[in-house]
Structures are given as C-alpha cells and as structure tokens.
Amino acid sequence: MKFKLENTEENLDGEILQSLSNNEFVLKIKGKELNLKILSMTHEKIEFMLDSTYHIAKYLENNTSRITLVADGVKLTFNKHPDLDKIVYKNSGSESAMDSQINLKSQIPGRVVSINVAVGDKIKQGDVVCVLESMKMQVSIKSHKDGAVKSIKIKQGASVAKNDVLAEIE
Amino acid sequence: MKFKLENTEENLDGEILQSLSNNEFVLKIKGKELNLKILSMTHEKIEFMLDSTYHIAKYLENNTSRITLVADGVKLTFNKHPDLDKIVYKNSGSESAMDSQINLKSQIPGRVVSINVAVGDKIKQGDVVCVLESMKMQVSIKSHKDGAVKSIKIKQGASVAKNDVLAEIE
Amino acid sequence: MIKKILIANRGEIAIRVIKTCNALGIKSVAVYSDEDVNSKHVKMATESYHIGAASPSQSYLNMEKIVETAINSGADAIHPGYGFLSENADFADLCEKKKLNFIGPSGKSMRLCGDKMLCKAAMSKAQVPTVPGSPGIVEEVEKALDIANKIGYPVLLKSVFGGGGRGIRLVHNEKELRQAFELASGESKAAFGKSALFVEKFLPKIRHIEFQLARDKHGNAVHIFERECSIQRRHQKLIEMSPSPVVDQKTRDEIGQLAVNAAIAVDYENAGTAEFLRLDDGTFYFIEINARLQVEHPVTELVSGLDLVKLQIDIANGEPIPFKQKDLKVNGCAIECRINAEDTFLDFAPSTGKITDVDIPSGPGVRVDTYLYPGSSVSPYYDSLMAKLITWGQNFEESRQRMVLALSDFYIEGVETAIPLYKTILETQEFIKGDLSTDFLDRFKILDRLRDDLKNEASKKADVALAATLIHSEFLKNKITPRKEHSMRWKTQLDRH
Amino acid sequence: MIKKILIANRGEIAIRVIKTCNALGIKSVAVYSDEDVNSKHVKMATESYHIGAASPSQSYLNMEKIVETAINSGADAIHPGYGFLSENADFADLCEKKKLNFIGPSGKSMRLCGDKMLCKAAMSKAQVPTVPGSPGIVEEVEKALDIANKIGYPVLLKSVFGGGGRGIRLVHNEKELRQAFELASGESKAAFGKSALFVEKFLPKIRHIEFQLARDKHGNAVHIFERECSIQRRHQKLIEMSPSPVVDQKTRDEIGQLAVNAAIAVDYENAGTAEFLRLDDGTFYFIEINARLQVEHPVTELVSGLDLVKLQIDIANGEPIPFKQKDLKVNGCAIECRINAEDTFLDFAPSTGKITDVDIPSGPGVRVDTYLYPGSSVSPYYDSLMAKLITWGQNFEESRQRMVLALSDFYIEGVETAIPLYKTILETQEFIKGDLSTDFLDRFKILDRLRDDLKNEASKKADVALAATLIHSEFLKNKITPRKEHSMRWKTQLDRH
C-alpha cells in the first residue's frame, strides 16, 4: 500500500509480508523488513513491539481517504490514495485547495467583538474580516483569499463554535 | 433500609426520602437529612456531592446479602440483612463461621515448600500445616481449628492459588 | 489563627492552595461556576459551593456572592489566587470590612501598586529606578523635547488611551518627535477630546526579570531571588526560571534590595513580585509590583525549598517571616513551562474542548501543577493555562534536560498546546547559552524552527505510524482478533508467541 | 564514555535507571521474562529483549543470557539495580571479562563485602568498630566465656548454620552460657556433623542507620549523609528517612568518616551503603556494606539534590566525583515509605494480582517511583515492592505532613498494601518524636492501633458509603439513569438541576 504522510509530503509504501501468528507479523516498510508483535489492540489503540522497541499508537480518525493517528505522542496523518489525490487536485484547476473555498471558517470558538467588512466589499487575503474574543484574548480573523464579501454569517456579540462559517468570500 | 457495617459491627439505617430530580435526592442517614447530587454514575462508580462535599465511591461487589465499596479510598462492607444474618448464625450452633469450616484454604498464592502434617494427625489451632513460598518469602500456614487431618490436597513443590483448599481438618 | 480558607479562584491555582491547606490541616472551601461543576478543585476541597453562571462576572468576579459564601461556610480567610479578584483593592477592602482575613496586601497598598503614575512617584521617592521618561502627562511639545534630550533618543511617545501596542510611536530625533507629537496629539483630541501623551525611553532589547518578595505585619521584608521570564508571546510569559543566567550573587543582592525597598515604599504586605526590565548593559528598571501570588511561583519554591502559599498564610496569621535574608540561598535551578490551551500556529489563539486523554509526566525533579484529568474540560470562559510543568536540577543543564524529557512525556489530547514549541525552544543553542529577551521568538525565528522540528519528528515516526496503520487496516477487516489479556493466575503458563 | 546501558533488572528500579539514561541521552536496553511482557520498564526502554521464563533463575539471574543480550544489543555497560545479580561478584567479573562496564564495585571488592568474617577483619584493621564478639568461630566453651566476660553479658550465642532467628540463644551469665554452649554444640554436631558457634554482644534496642557512600576510580571518597531505616518488619525496612532524628552534624561527620574508611578498607568503588546499628547511648557499630544502589536511595537524592544513578554512571565512566565532602549539606528532610504488595494482618504475607485501578499521588515535595499503572500486574515471582513514596520538606514535620497527605491520596486496587499501616505509624507521637527502633511495631503495639484507626476511618466514611449504597440500589432497579456528560460546546447552555 502507498501512503502520503501529510505532515512532510513524503510518499511512503508499506505492506504486511507475512503473518507469523495472530499477534506477530513481518512488515516491509520503505523497503526494509521489520518484525511486529502486538501486545494489545483495540479499535482505538495498539501497543506493539517493532523489532525490539515498544510503541503505542492511538487512532484518531480512519476513513476511506485518510488516517490520523498519534504514534508515541506524535500526531501524523496519512493520505491513503496519494495518486488519486493528485488527480483530483489537478482537475480542480486551482492553485490550492484553500483558495478554492469560499467559506471563511473560524478556527477557534469565541464571541464576535466586531465585524470589519460589509457585504459587497472587495478585500484582499490577510484583511481583517472580524475580531473574536476567547479566553480573555482578542483574535483577528483574516480573509483566506482575495475576493468580494458575498455574505456575512455572524452577528456582533454572538458566539461561534470552531469551524463555524463566518463569511463567504468569492 | 438497615445495614450492618462489617468493619465496625455498627448497625446503620438509611433511606431515600425524596427524589428532587433524576440527579438530586434527599436522604436520611442515621436520622439526619442530607442532600445528595449525582455528578456522574455508572455501574461501577458514582461521584456525588453530599451536602457541600464531593465524594467518589466504587462498587466492588453487590449481591443479595452484601455490598462492598470503596468510599473516598476507604473500603467498607455492608451486610444488607443484619437481622437475617443473626438468625442464620444462631441456628448454625457453632461459635463462629470460621470454626465450622473444614477446609483450610490458602490466603496467598505460592509454591509448597513443605507439608508438616500427615492424614490422621491430631492437630491444634495454630499448628503449622504447611509452608508456602511466595515473593522470596516463606509463610507458615497454620490450622484454623483443633481437629484431625482428614485429607491433604497439595503436594510438595506444587503451586497453589489464593483460596485453594490445602487440607481438610475435622 | 486561620482554620478555614475560601479559595476565590478555580483551575490549577485553586488546587495548589488546597494542597497546602490539606498539609497544614486547614479546611478548604471551593467555589464554582456552572462551567466548573466537574472541575478538580471542586472535588478536592473540604466543601464546595456553587456561586453562579459560567461568565466570570457572574461567578469568580462576583465579590458579594463570594464573601457571602465565605461567611455562610464559616471560612475565616480568603485566598484570591491570581487573576480574577486577586488584585482588586475593593475586594480586599470588602473582606476586611466583613472580618475575613484577606490573604494578600491591604486594599490601600494594592491601589498604590495598581496606579502606574502613583507607583512611579513612590518609587522615585524610594530611589528605585524606573524606566526614564516623563514623570506624568506631557502637555506641550517643548516639554517632551526637554525630556527626550535628557533621557536620550530614541524615545517612545505613548498615549495613556492606548494599550497593546496601539498609539505608540518610536522617534529617533527632535524632528521626528515634533511631527509625531503633533499627529498623536491631534488623533487623541479627535478621538478622546483631549491629549494625554507621555514620553518613555525606548528599550530595544530587554529581559524581563522579577524578584519574589515577602513582607510581614511586623515590617520584616525579604526577597526570595529573581525569576527570569523573558520568553514571552504577546507580552505574556511562556517560560520562567530561577536563577536568571545573567544575575550573579552581587546583582541579586543589589537588585533584590531595590525590590525590598519597592515593597516598603508601597507598604506592601504578604507575598508579591517586583518586576524589572533589564538592558543588555546590566541596567535594571523597576516596572511594577504584582500584588499577589504569581503564576510562576513554583520555580521560586523549588530553588528556595519554601512553600509560598504556607508563607502567605503564616503572614496573614500575623506571624513573623521565620527566616532572614542571609538564610536564603539559591539551591540549583528550576524552569517552568506554561502549558496553555492554544494553537501556536494560529498566533496562539485559544483552543478549547474536552480532554479525551492526558499523560502527566513524573520523575526526579519533575513537578506538575494542573487541573487536567482524562475527561476534564478546557473552558472558553476562562484563561488558557491548563498546567504548569516545572523541573528542578542541580544546575541549569540538569533542569533543562529534565524539562525536555518531561515535555516529551506530557501528552494532552483534545486541545492544541505549546508543548512542541517548548521542546524546540529548550533545545536551541540560544536558550542553552541564556541569550534571552522578550523578543526571543521573533529574534531567532523560533516558529520556523518549530515547523522544521515537527516535520523531522513526523518523519522519524513515519515507520511506526505506518506499521500501526497497516495493522489497523487488517484489524478493521477482522483479520486480526485482539488477543486476551495475560492471565495472572499463578498456575497458568504464559503463551510464548 | 557509556552510550548504551543494559539494565539487568525489572520493576521500579529499572524504570528509575531508564529515567536517568533518558536525561543523559544514553540509550537503555531492558530485559524481560515471560511474566514481564507488559511491564512498564519494557515499554520505556530504547530497546527491550526477552530473556527467559518467569522464574528468576531462568531470566533475571541468568548471567550468560544477560551478558549475551548486552553484547548483541551493542550495550557497553550494565546497571544491575538492586537484588538479582547486583551483589553477585561472579557477574561483575563476567562483565569485566566481556568488556562490559559493570556499574558497581569490582567483583573482588564485592566478595570482601559479602563475606562477614573477612569484612569484619578488614574493618578491625581499618579501626571501624563492629558489634563486639568473637572475631570468628569459637571451638571451646572457655574461649566463649572469656569473650563474654570481655564484652559483658547478656550475649548471643549464634550458629553459623542458623539464620532468621534459628539457632540463636540469649544468655545472661556464665552458667547459662555453659549450658547453652553444650546444647547448641551438640545440636549442631548432630545436625551438621560439626559445631560452628560464635558469640556476639546482645543489643537490646537498636536503630538501623546507614550512610550513603560514593568512591571513584581515583580514590576520592565521600559519604552523602545518613538514612534512618529503623522502622522494619521481619528485618526488612518499611520506612526510611534522611536525616536521622538522632544524628547531629558532629555525629554525621564522625560516623560518616568511619563509613568512608570502611569503603576504603574494602577498596570499594561506585555508590554503596555502609550499614550501622546504633544503641541508645549513641554507640555506632558497623554491620555491613551493601555493594549496590539501595532501594531507599531517593531520600538521599532529595536531601542532597544529587542524581545517584548519574553519579554511578559518571564514576563507571572514570570521572572523578565532582564535589568534595565539604560541599555537601543536608537540605531539608526526606521520608520514604515502601509500598509493598502485602497483607499487614496476614503477617505481611504477599498479595499478588492484577492492579485494576491506581491513583498515584503528586504535589510539591512528592515523588513516586513505581511500575504500577491501571491494568499492570503484581507477580508472585518477584519481590513485593510496587512503589516507593518519597516526600521532601524543609524540615521533618513538613515532610511528614506531606507524606500523610500523599498516603491518603495513594489508591491501589487489586492487592493489599501497607498504606494504612504507614498512615497509622506517621501519626503516632512516638514517630513524631523520633523514638525509633527496629522493634518499633511491637514496642508500640502498632498493629492494634492500626485496627483502631481502620475502624475509625470506616466509621467516619459510613455515611458516605451508605448514601452511595442507597443510590446504587435505586440505580440497579433502573430507577435512575445516569445523566449524560456535560456538553462542552460553546453555544450549549448548561442545565441547572
């Protein structure tokens, strides 16, 4: 199987060569053979020895296209279809996935302190769209792209959750 | 409901006077009214405020006659039928439940180092029946009563688990 | 003698105070908002009372309610922690009025500490040097020019209506000052109806160094060494340590004495902190007194062996400080990292939510003050400090090594933290050499280094993660059944796969 | 320079050594038996290797296998921990032969420490006082009488074939000694074919006080203060502390120097311990050298600030001890309680099994060295020490208060422990006054007091337990449904029942 490590953009391949028993396997990772022995395993977590070293991994997300896990305390995300991804990306015809989105989302929860744009305004990437307050701090939310403000989804004084759409920029 | 606290032989009574909501109750314990508010509850564990103080209890055992729990780190056992218990005890006609048992059980796991009695031997309470070794320590297992050795259930060098019967004393 | 203390706070500092209460046999009373029903301080206190809604103004800042709770619960003293009401002079006065022993300075002293202009005047009288500049508001440009000439360019022209970097102008000569004064004055008049400008010397590269103070009701005053707190983001401390790499015993004695003089100048009582700025040439300028127990007090505890909360309680009880300045010696070195719930790459924006898992480090020389437990929550209503990781070592290097290890062992799931940032900082040569300043993060492009470190770390763990991923795929296809737990029965032979 | 250490041990001490390896950037190699597949030391080490079956003789005592594993894994040194092979001179020799740096004294020195008669002779030469008595075996009764007259009655007549209290006779005068000698001699000849008796002064009420030693390859030797280890059961230590309540600085200097002389007398290298008995009149008698890191080394670490495992590694690397005797000062007071898996009321019989739950205490001045985690196991194959709880305070009283608190916070589910016993001991006036002796438990009828304390504690918690029981009954009848966890969504208003 081929994977792309999103943290580093590295392409990796790995496979299970042999199952020695229900708990021991021979793997091939980046061309190198490794012995893996499962110590404990559930849906959420696996503890294992890889050659002679202990590791623990927690699975945070596993869907058809991506898997996110925490390996020995380090969070990593694999893209399961690195080739497919490339095709989709090419066909989208845009420079980056970010730019193609019209939704400006909040990456933090907070209370809306001020709204600094109006519908129809032409704005540039980095312009402040609104200011949120959370944990005693005021955080400016900036536009992720150049464009025009199509709609504003928030009101002053209202609370927003993480990932809520704040505005649409076209 | 009436309970006997086995740790202290105290008799206690308590009841739920009123259910204010699914999570709040008024209890009467030893004649005193107390407010109880459940913070979290599962089969194994309860966290609650009793009047204004937080408590946590873990249920270790709960059967028809006894409940054992750990309240704020302290292990307690309640007998649920203190009256019934008294009747059974009276009818058994013996001085204590211990004495009436013929089985000498091991209260520790270990390996049998030596057997110090033979079948038919007359022994007294406190006589050494056998010696077990566990965690580098030798522990003498003594007879729990006066009597004759009816049978020996272990062999030298064998391993025994906690609560295994070592011998029968009649 | 204090027998029962209400702690008018939450989070790790409430827990910290409860621990000392427990050790001293003093009963503790916790208060909590709707948001904190399941918080650890509520569970640990002798008694706990609900005081209002999640919003601080309705709970932890509600003076009347807190004082009422203290009285009703039979508490005889109030510990304010830090933040919330801890530096509120009215609250200190209210406690005094209600015969509750407020564990901190008097309202009067607190007011003096809180007013920058009054405080500066008091310091000037006590010959404690403050940042050179105008002693108050400057109405006319000629006066501003006089001051600038006296203290030397460049200078900062500031507006008292500003704050957080707004309304500040850096000027390098007379011409620039004239222009800036006119502009700023105009702006200020337009916005606020009047101009209120002052001049202060521009300090290009500074360290933040503070001294722990204690002063009892009998006038005995000591300093308990310095803390270097120069690693900051947005003027908030991230990493603190004691001793400072640039403070030798002579400097400690000298500036420590200034700090003590500052405490005397404002008739300060109980534990507090005198903050200073230090220039590269070794000049120290007093900036303010923090009239409370400081977040970073544990580093002082670890190098002095003192329990500062106990010291606070003893002083509040009217006892004399049980040691003299000469009895105090810095023992080893302690470092603290503030583990905030925030996203380093989102400009340190808050990150809140449920803590689904947490591993707290331990070991020789490691101390963690925290309210976290698996299943606990980080609330958006309160500040982002979840934990303080403090390590002690015989010297800076041992303390640093232990910190690096402890950071690696600290796992928090559910929110973003600055733990990776701290690992990067602690391993830089600049930090190791002690080349610290308040602009450390910018000056050494730490965030770029962090990005590299994170990539390297991910790259190193790629094999392990890939192995886990391959096995998980098999597991999901039901091709592997997890094996049972090892039986611990004495007689059972273990299988040997 | 040592780069990779194999730790020939398990449990808390293996973890302790790994922590220092990690701090120093040294790679660690763990070894494990079948029983320890899921043990914490296996999980923490850089590499871990299986070495055999559960029985120690087939794993942790298997010298050849351990040395082979060290060589195959590329380790350049071996740390033996305590117990197992730590005082096995043959193992030290084998390591030397295989060019593995054994972190401990030489085999030769270890042999001298291990042979009581040889060691006694060496001490006599070095003028280190040992318990008065015959210098070796006494063949004739007249010789025994001479010695008894010299050292004074009462004396103990002991057989070298005895042990654990067997074959020991207490005699008060010449007549008793004659009778006893005849009886014992006859018994011994009947049982072993020959008589081998010796005479030793009877010491009625003794303290066990030991000194931490360190000596490097350059002949530099220091003592790192004493530890008082008088609270024991069956000659095994339960509670240790430093400093001892009966050792002042003068005594420390004096007996410490004797301890150093003892180390020199046996050409001891690395960290070790000289054990002494102390009589009520202040007389100290050397009894033996423990040629290894001691279980109770953390109390010395907390009052000295040293990392003794680091010191061991430095010495093994050939480095000189980096401080002089005069640089060392006792800082505060540390107490350790050994948390064994054993049943106090079953004569301290072992208690083994799965640890279904564990809460480990923390806080200022609290250190816990342990292999426990929820789901871990206490094996009957190995010794019963699960955890060491150590507290530090500025003085004895602060350390004691912190210990009492920490003991209350320590919860271990699945096996019996002596935690309640320690709570009782720590709260007795006798312990507080420092009236310690090896027969402390019997002398003050501690087990009876423990029974009372346990009843009182149960009685105090009866209301809480009863409340929980009432609710549980309702819950089991499905009359209560557990409420859902609080939602932490920003927008969600908390319900207010």
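Which chain is which? They are A, B, C and D, in the order written, and residues in each are numbered from 1.
Following the convention adopted for this analysis, contacts are C-beta pairs under 8 Å (C-beta built on N, C-alpha and C of every residue); 3 or more make two chains touch, one makes a residue touch a chain.
Since the model is a prediction, treat every value here as computed from it, not as a measurement.
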Chain centres from averaged Cα atoms put chain C and chain D apart, in whole Å, by 40
Per the C-alpha means, the centres of chain A and chain D lie apart by a whole-Å value of 50
Taking each chain's mean CA coordinate, chain B and chain D are separated, in whole Å, by 32
Contacts with two or more other chains occur in chain B at residues 40, 109-110, 162
In chain C, the residues touching two or more other chains are 37-38, 352, 380, 485, 490
Among line, ring, star, complete and other, the chain contact graph is other
Which chains touch? The pairs are A-C, A-D, B-C, B-D, C-D
In their shared complex, chain B is touched by residues of chain C numbered 37-38, 42-49, 73, 489-491
Seen from chain A, its contact residues with chain C in the complex are 1, 3, 5, 7-8, 10, 12, 14-16, 20-25, 27, 29-30, 34, 36-38, 40-43, 46, 48, 50, 55, 57-59, 62, 67, 69-74, 76, 78, 107-110, 134-137, 139
Note: in the complex, chain D contacts chain B through residues 341-343, 346-347, 349-353, 357, 380-384, 408-409, 411, 413, 454-455, 457-476, 480-483, 485, 497
Listed in rising order, chain C residues that touch chain D in their complex are 19-20, 22-25, 34-35, 37-38, 54, 298, 301, 305-307, 331-332, 352-354, 360, 362-364, 367-368, 375, 377, 379-380, 394, 398, 401-402, 405, 485-486, 488, 490, 494, 496
In their shared complex, chain C is touched by residues of chain B numbered 39-40, 47, 49, 52-54, 56, 109-110, 159-162
